[in-house]
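I've put the structures underneath this note.
Common to both upcoming complexes is chain A, partnered first by chain B, then by chain C.
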Partner chain A sequence: MTTVAVSPAPVAQVEERRVLWCLARYEALRLLRHPLFVVAALLFVLIAVTTPFSEYANADYDTAAHGTETNLDWPVLPAFFLGLGGLLAMNRITSSSGRAGDVVRSVPVPGPRRTLALCIACLVPAALALLGAAYVFVFWMVDPPVQSENWGEFSNAELVALMAQGVLAALGGSLLGVLVARWWRWPTAAAVTCVLLILWSVSSLAPDKNLLLTLNHVAAPFSLVASNGENYSWHMGGSLVWKAPYLLGLCGLAVIGACARDAEGQLRRRLVRAAWLVGGFTVACLLAGTVLGPDGFYSWDHR
Partner chain B sequence: MTTPSIQLVGVGRRYGPTTVLDGLDLDLTPGVTGLLGPNGAGKTTLLRILSTVLAPSSGHCRILGFDPADPDQRTEIRRRLGYLPQESGYPRGFTAFRYVDYVAALKEWTERDSRHAEVRRVLALVGLDDLAAKRMRTLSGGQRRRAALAQALLGSPDLLVLDEPTTGLDPEQRASLRGVLSGAGHRSTVLLATHQTEDVAALCERVIVLDAGRILYDGAVTALVGTATGKVWHADEEQAAALSSWRTGTGRYRHVALDPPEDVELAEPTLEDAYLLLRAQAVRDRAGVTA
Partner chain C sequence: MSRAATVTRAELEAVRWGPVAAAALTAAGLVALDLTVWPRGPGSELTWLVAGLLGGSAALALDDPAATVTRAVPAGVRMRTAIRLGVAALVVVAWCGYAARVVAAVRADGGTVSWPALALVGLALVCAATGASAVLGAGAEPGAAVAGAAVLVALGLMVVPLPWSVAPYDVGSAGTRETVLWLGVAVLGVGGLVWGARDPQRR
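For the complex of A and B:
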């Protein structure tokens, strides 16, 4: 018989890590070159850079001019451009790798590790969103925000959590793109997912005092803090601070779910255990965010 | 005696109620082995099992000394494997270079300079070095096929599994490819599935003929060709007794039959003739058994 020595485990593990980072770099470059993501990122940068200087998003939201300044909408920019753009681009990249078919299935890097490399590449949109958030924070340091009638009062922790939501939405959207490509291989799956996400987010803006609506608001992957009508401003219920770890939990679940697609044996069992753990953490954060946060309220109502 | 690099014992594969491979026993040693068979004979399924993409429904495999059923050992096989599938897609927007480079990264070539050098080497081997910067979708079918072959040649693998590698190649490219594969056959086990009998005749010492998931013939190419001696002849007119006949470029007819008539002008048989006769004999045997 032909006998070939198997590499000792420690050496193989080091090599595996190098392979993972090499592939992650490769996938990150693919994302940076993907036309959909390039357009989304350029739009994000353009709008994010100009937003703090526009009247619309002036950080100095004045109580006397209620209903006109909405600078706390800023996290919607990374969520919309980088989250949805990342979702579509990563979905295309993941599906596109699958087009190589049996060539990819016969390489030594197993499916879960290839998926993990794709997930690591999703840090690119998150990093871009983080830069945007840092930019806004710098702007706020120069021109600190004051409390407004429109938005209610926020602690520093809540403001940080609010900005973190934009970053996590950029990360989570891209991860969702990978997850969808791994499990649902029909061509419009990513587009349908985008529409569902938007509908879910819009549904979370319903102005009413109701625990279920609060739960939906906290659960929605991205949602605004306040909903403004012509004569009123409705402040959503639920805790902003708890929502951030909840979103982080969703990101973790997306990674686990995507990697579980081709996992087998011990790895699959580990992933199932991790899914229970992260799932439990995520649900706990969701419930805490629903129960521990403030109820929804009208910050002003002239009806 | 050369030790086998591939051993299959009673390997079967079913898709629902359909049996595609039926208890194959097979040993493969280094060198180039041809795999012939009609459409649906199970060639691609066999190659997918050997390339660890597909698990057999029954039986045992040992590939390069490893058991593909074990995930860790399967990885070891894949580290020593080059596989050209029948239909090889490619990621969108990739150039030929990036496509092969991407597969090289998936084959654990982490060091960029050595990986790029290897990619350039295999692209040159298949004659694509001057087209490396062209996008895959702008290449012709034959050029894309050669790019797919280039990825299989990465790292000079111990086992090379090729499913119809010459599809879409022009005669010059096919001749050039034969040079590459015969070179690989000196150090590796090469299994070549094809419908081009002339490629098998030109490259392989050994040929396996699959039919309906079973091995119909396994032996030397020359021995198979020898079975057709006396069963191929030329005549001025088409003859009904022939199993297969066609008008050649000289205007005369070439006939192949299991039971040729007497007093005919015999011709030198080719592997294609022998293959046709082998298949016809199998059909006749099956009909006899059924009757």
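For the complex of A and C:
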């Protein structure tokens, strides 16, 4: 019999971790009570639950053979409700804790740790998005949506990556809310950030007929897989599978950036090193997604 | 200087012009994009984001961080709100001008857009945003939250399928049920403004 000696973490570390999780739980509860997030989450749940039973997914639903409708745009729902809703709510929560500066500073917890707790709270919208994505995905894998444009053109890995995009958008949007509130303490910051995100996402829908446009499509924090006009459907280029780790990298950068706001000394140096590492990983995934993915093409074109 | 002019000047100096201008300038940037290089413009999805941002800008103009001090000013809440609504009026005028450019461009392309219907959408969003801001209380500085919500709602109406096939941004003609709905939103917003501008003692 082999005996393994396990040395417990130092008491101070255990205590710090407990405080962190306690703070994270508190921030998560604040998020769950935020009116904007409550409304966004309820609408998301309502639409997610009814999606597989909607007229849209019904085989009898009368639609043109080459219509503009596609169930593949489902991830836009978690991205919109939980991503943008989470961004606005987390931005307000972070800003309000910033305004209570004197009180908060009296709590014996360093700033970066408080920010980390806020970032952990962002897992709430991500978890909700994951539940929704899993629910819809299982339904559609068992009973594939008949009217879906392009559904059959994707491998299972690509479909999973596609659904993961919605989850990562929910996580990333909320993290961006924390990041923006930490660095840009301006009342309009969240709304302007939302608008810029939307602009970037919409700009990524231009048919990517060259590498730069494909790069923009893969780089956009949220983008659809097809660009549909009245007379055509353009299957966007770039790799969906590489896009998921790229988005995860962006989430990591948002956490590091937010925590770096109040970091000093050794912690700041460690965060800078981590930023280089995660940044390198993110850029590598972005380039891989752009170069290794398929080129864009017209699924159909009646012009 | 007359008392009214003094009060107006003092009230306008209390407006948080920075955030108001940030939202308005972002909207102006979107307008410029929509009317020039944006592939789907004029009258693209940017139009509705502009409406949301302008609503947010007007709501931010009602924020009164110094409410505890300004409450002692010898001018009623209603008068001070009315002065600040001058910003909202400017925003609505700007929106109407933009709507006219969109209508002209869409008609030149053979499309149909009703200017009154399009103008009403922006007006309703501005009314709703300022109404919400007034109801929440200027002293609580709800402008930032309302601005975010206005952008979210403006985008949400593009993304979320509404019951009974309501198409909120169908502005092809003025005599539709959508126009009636927007009119209802505007009336609700004005109601919120009137209620919010009452003397706090009488609420």
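Everything that follows uses one rule, which is that the second predicted complex is superposed on the first by the 273 of 303 C-alpha atoms of A that agree within 3 Å, B and C clash if a C-alpha of one lies under 4 Å from a C-alpha of the other, contacts with A are read in each partner's own complex, and residues count from 1 in each chain.
Quick note on the criterion: a residue touches a chain if its C-beta (ideal position, glycine included) is under 8 Å from a C-beta of that chain, and two chains touch if they have at least 3 such contacts.
Nothing here was measured: the structure is a model prediction, and the numbers come from that model.
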First (chain B), second (chain C), both or neither touched by A:92: both
Partner chain(s) touched by A:108 [first = chain B, second = chain C, both, neither]: first
First, second, both or neither for A:265, with chain B first and chain C second: first
Partner chain in contact with A:157 - chain B first, chain C second, else both or neither: neither
First, second, both or neither for A:22, with chain B first and chain C second: first
Chain C-contacting residues of chain A that also contact chain B: 92
Complex contacts: residues of chain B adjacent to chain A: 3-5, 7, 48, 51-53, 62, 64-66, 71-73, 75-76, 78-81, 83-85, 87-93, 102-103, 105-108, 110, 148, 151, 158
Chain A-touching residues of chain C, taken from the complex the two chains share: 16, 18-19, 22-23, 26, 30, 33, 39, 45-46, 49, 52-53, 56, 60, 63, 141, 143-145, 147-152, 155-156, 159-161
Residue ranges of chain A in contact with chain C within the complex: 36, 40, 43, 47, 76-77, 80, 84-85, 88, 91-92, 95, 186-188, 190-192, 194-195, 198-199, 202, 206
List of chain A residues in touch with chain B within their complex: 1-4, 6-7, 15, 18-19, 22-23, 26, 30, 33, 92-93, 96-97, 99-110, 114, 264-265
